[in-house]
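Take a look at the structure below.
Chains here go by letter, A, B, C and D, matching the order in which they are written, and residues are numbered from 1 within each.
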Amino acid sequence: MEAFSDGVLAIIITIMVLELKAPPEADWESLRPLIPVFLSYVLSFVFLGIYWNNHHHLLQAVRRVSGGVLWANMHLLFWLSLTPFATAWMGENHFASWPVAVYGVVLLLSAIAYYILTRTLIACHGEDSTLARAVGSDSKGKVSQVLYIFAILASFYRPLVSCGIYVLVAGIWLIPDRRIERVITE
Amino acid sequence: MEAFSDGVLAIIITIMVLELKAPPEADWESLRPLIPVFLSYVLSFVFLGIYWNNHHHLLQAVRRVSGGVLWANMHLLFWLSLTPFATAWMGENHFASWPVAVYGVVLLLSAIAYYILTRTLIACHGEDSTLARAVGSDSKGKVSQVLYIFAILASFYRPLVSCGIYVLVAGIWLIPDRRIERVITE
Amino acid sequence: MEAFSDGVLAIIITIMVLELKAPPEADWESLRPLIPVFLSYVLSFVFLGIYWNNHHHLLQAVRRVSGGVLWANMHLLFWLSLTPFATAWMGENHFASWPVAVYGVVLLLSAIAYYILTRTLIACHGEDSTLARAVGSDSKGKVSQVLYIFAILASFYRPLVSCGIYVLVAGIWLIPDRRIERVITE
Amino acid sequence: MEAFSDGVLAIIITIMVLELKAPPEADWESLRPLIPVFLSYVLSFVFLGIYWNNHHHLLQAVRRVSGGVLWANMHLLFWLSLTPFATAWMGENHFASWPVAVYGVVLLLSAIAYYILTRTLIACHGEDSTLARAVGSDSKGKVSQVLYIFAILASFYRPLVSCGIYVLVAGIWLIPDRRIERVITE
């Protein structure tokens, strides 16, 4: 399961760069319209990197896998696979309201899918398992979901505020998930 | 063999999303023509997820691999690799007759290729092997093939009925292949 | 090295299918111009399948890897990576002379690169190693290279004869490399 | 971490070939405008091959991985993922000044990211570890960075000189990283 998920995540990350199309002219000005596309790419690269990182740590605590877990994982990969689309739409339209909102929806549904995956894994391992203690109260996950909802609503008034919130959430997560590392080390 | 198949399946699933092209406008209406493309994507994502799932379970019961098995696997990957094409054609033409029929043909030939793979594996392991008992009578596989043929014929009269049948088959398979899991656990 | 090569081969095989672009119309006639593109795809799929198969068998006999081996492998992957380009050019131009010749050149250079890889591996393992005996005289490889050269020359007179030769070579190789399997079993 | 990095590198290498678009005509002349695109592809293929090779050798000396290491690796993959964009821009504009400079910037930032990765790994393993001794003074890496800076500046006067410098740096690295191999063998 990890090899397949790693493969899908690697491909999602890499095909996003296909949206950075080389301009036909060779001067510096022709790169300027690519700046918002590039910034969107950086943001999505970081988000997918965070998912890969946390997913990787999560699976290290996994001892058994059920059919439900496989599908919960598939469900997470589905929403993550929409990231290149949302990234391209947001970047090409210079962070306009609707694309920024749709980007937030994809982030929110990915976060919910990750939450479902952790719950399915805990149901499979038991509430007092290493995995359950490692996931813990998942306050970061809950805060992120609230921030995403706020950002989606804000995008119709001030889409750049929403983008700021996305950057903020990425910052919260960039601090790696030490909870799981700590409990495993114990 | 599993790593290579996983890789091919991961790439097939992910390049399908390239058909979801970001519209040049930033408003909500511009997403509407993408709805059938999106629905086709969801359907194909589920089908490829089912194949990955069942393929993964099947290979867990495999003890030896012959040249014939490698090519039966290649043959399955060939038909599955046509899924992005059939998905794009069906989605972009809003579920018109011919695309829906071709989509069904790709599903049918993939199902037949999966059947050939199981028979080649059983020939290699013996009729009384764990693998042979795990595959069993494969009634789900047979029912699916009959339903695909029916859907291909129906597509020239009522293509949406065919789509309904595809969703039905996906539903039948979403219940994971517990037969193999059960026999392995025994 | 095997994981990386498997990944590259899986991606080369799968991105070839991106050349099969879904036509904008939904009728049967619109598929007709895709037939040569489809046939080219089938041919290249079989060739890449053969390379994966033989590469897989070859690496099973490998005991050590040097820097030279890594680069000989990279060199093989380089020529194989040009297959999607040659396939697309040949299919879209309905098997015209130059594209058929270029396709043959890519096949020939891939075959030579595979030969170099086997020689580098044998130099690393010794002439009396299992690997050296498994590779043996490699008469299939030599015959293929002669046939490719003949097909490249023939393409300027009768390109369809060249295509027939490519199919013939694929047929020779589809019989899996039992030599290596046999020696390993011994 | 290695499987994921291998996957990303395999995909980056392979999607670069998508820039080699099959021309609509079937004659020899139609290939001529592709020559600079092809040469850029060869250069980038060699650079990514070098990174894969050195990364592979480096990870063989790795004993433990921290969150910081995972992100230093992600950071390297980010700059490498921009290679297809820089390659396409440079090839399509026949090695004009700005594209050649941007290509050099991507190479330079990748080299710096690789340096950061080695420092993070050494910080994690200790200055007297096998890994630290294997990386050594990294004079090749330092020379490359100086050459890249020189090539970026030169690109605004004589871009072909810059390209010559890139080829020179690739030549320096093509000699595989025997330092690490040697220390590991010891």
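Following the convention adopted for this analysis, a contact is a pair of C-beta atoms (placed from the backbone, for glycine too) under 8 Å apart; a residue touches a chain by one contact, two chains touch by 3 or more.
Quantities reported herein were computed from a predicted structural model and do not represent experimental measurements.
Novice: Please give the intersection of the contact partners of chain A with those of chain D.
Specialist: For chain A paired with chain D, there are no chains in contact with each.
Novice: Name the chain whose C-alpha centroid is farthest from the C-alpha centroid of chain B.
Specialist: D
Novice: Same or different: do the copies chain A and chain B touch each other through matching residue numbers, with over half of them shared?
Specialist: Chain A and chain B contact each other through largely non-matching residue numbers.
Novice: Averaging over Cα atoms per chain, report the distance between chain A and chain C in Å.
Specialist: 38
Novice: So how far apart, in whole Å, are chain C and chain D when each is placed at the average of its C-alpha atoms?
Specialist: Result: the chain centres lie 27 Å from each other.
Novice: Residues of chain A touching 2+ other chains?
Specialist: 3, 7, 11, 15, 18
Novice: How is the touch graph of the chains shaped: line, ring, star, complete or other?
Specialist: Contact map by chain: ring.
Novice: By the touch definition up top, name every chain pair that qualifies.
Specialist: Listed in label order, the chain pairs in contact are A-B, A-D, B-C, C-D.
Novice: Of all residues in chain B, which touch chain C in the complex?
Specialist: So the residues of chain B touching chain C come out as 1, 3-4, 7-8, 11-12, 15, 18-19, 67, 70-71, 74, 77-78, 81-82, 84-85, 88-89, 92-93, 96-99, 102.
Novice: Mind listing the chain B positions that touch chain A in their complex?
Specialist: By the definition above, chain B touches chain A via 3, 6-7, 9-11, 13-15, 17-18, 20-28, 31, 42, 45, 49, 52-53, 56, 174, 176, 178, 181.
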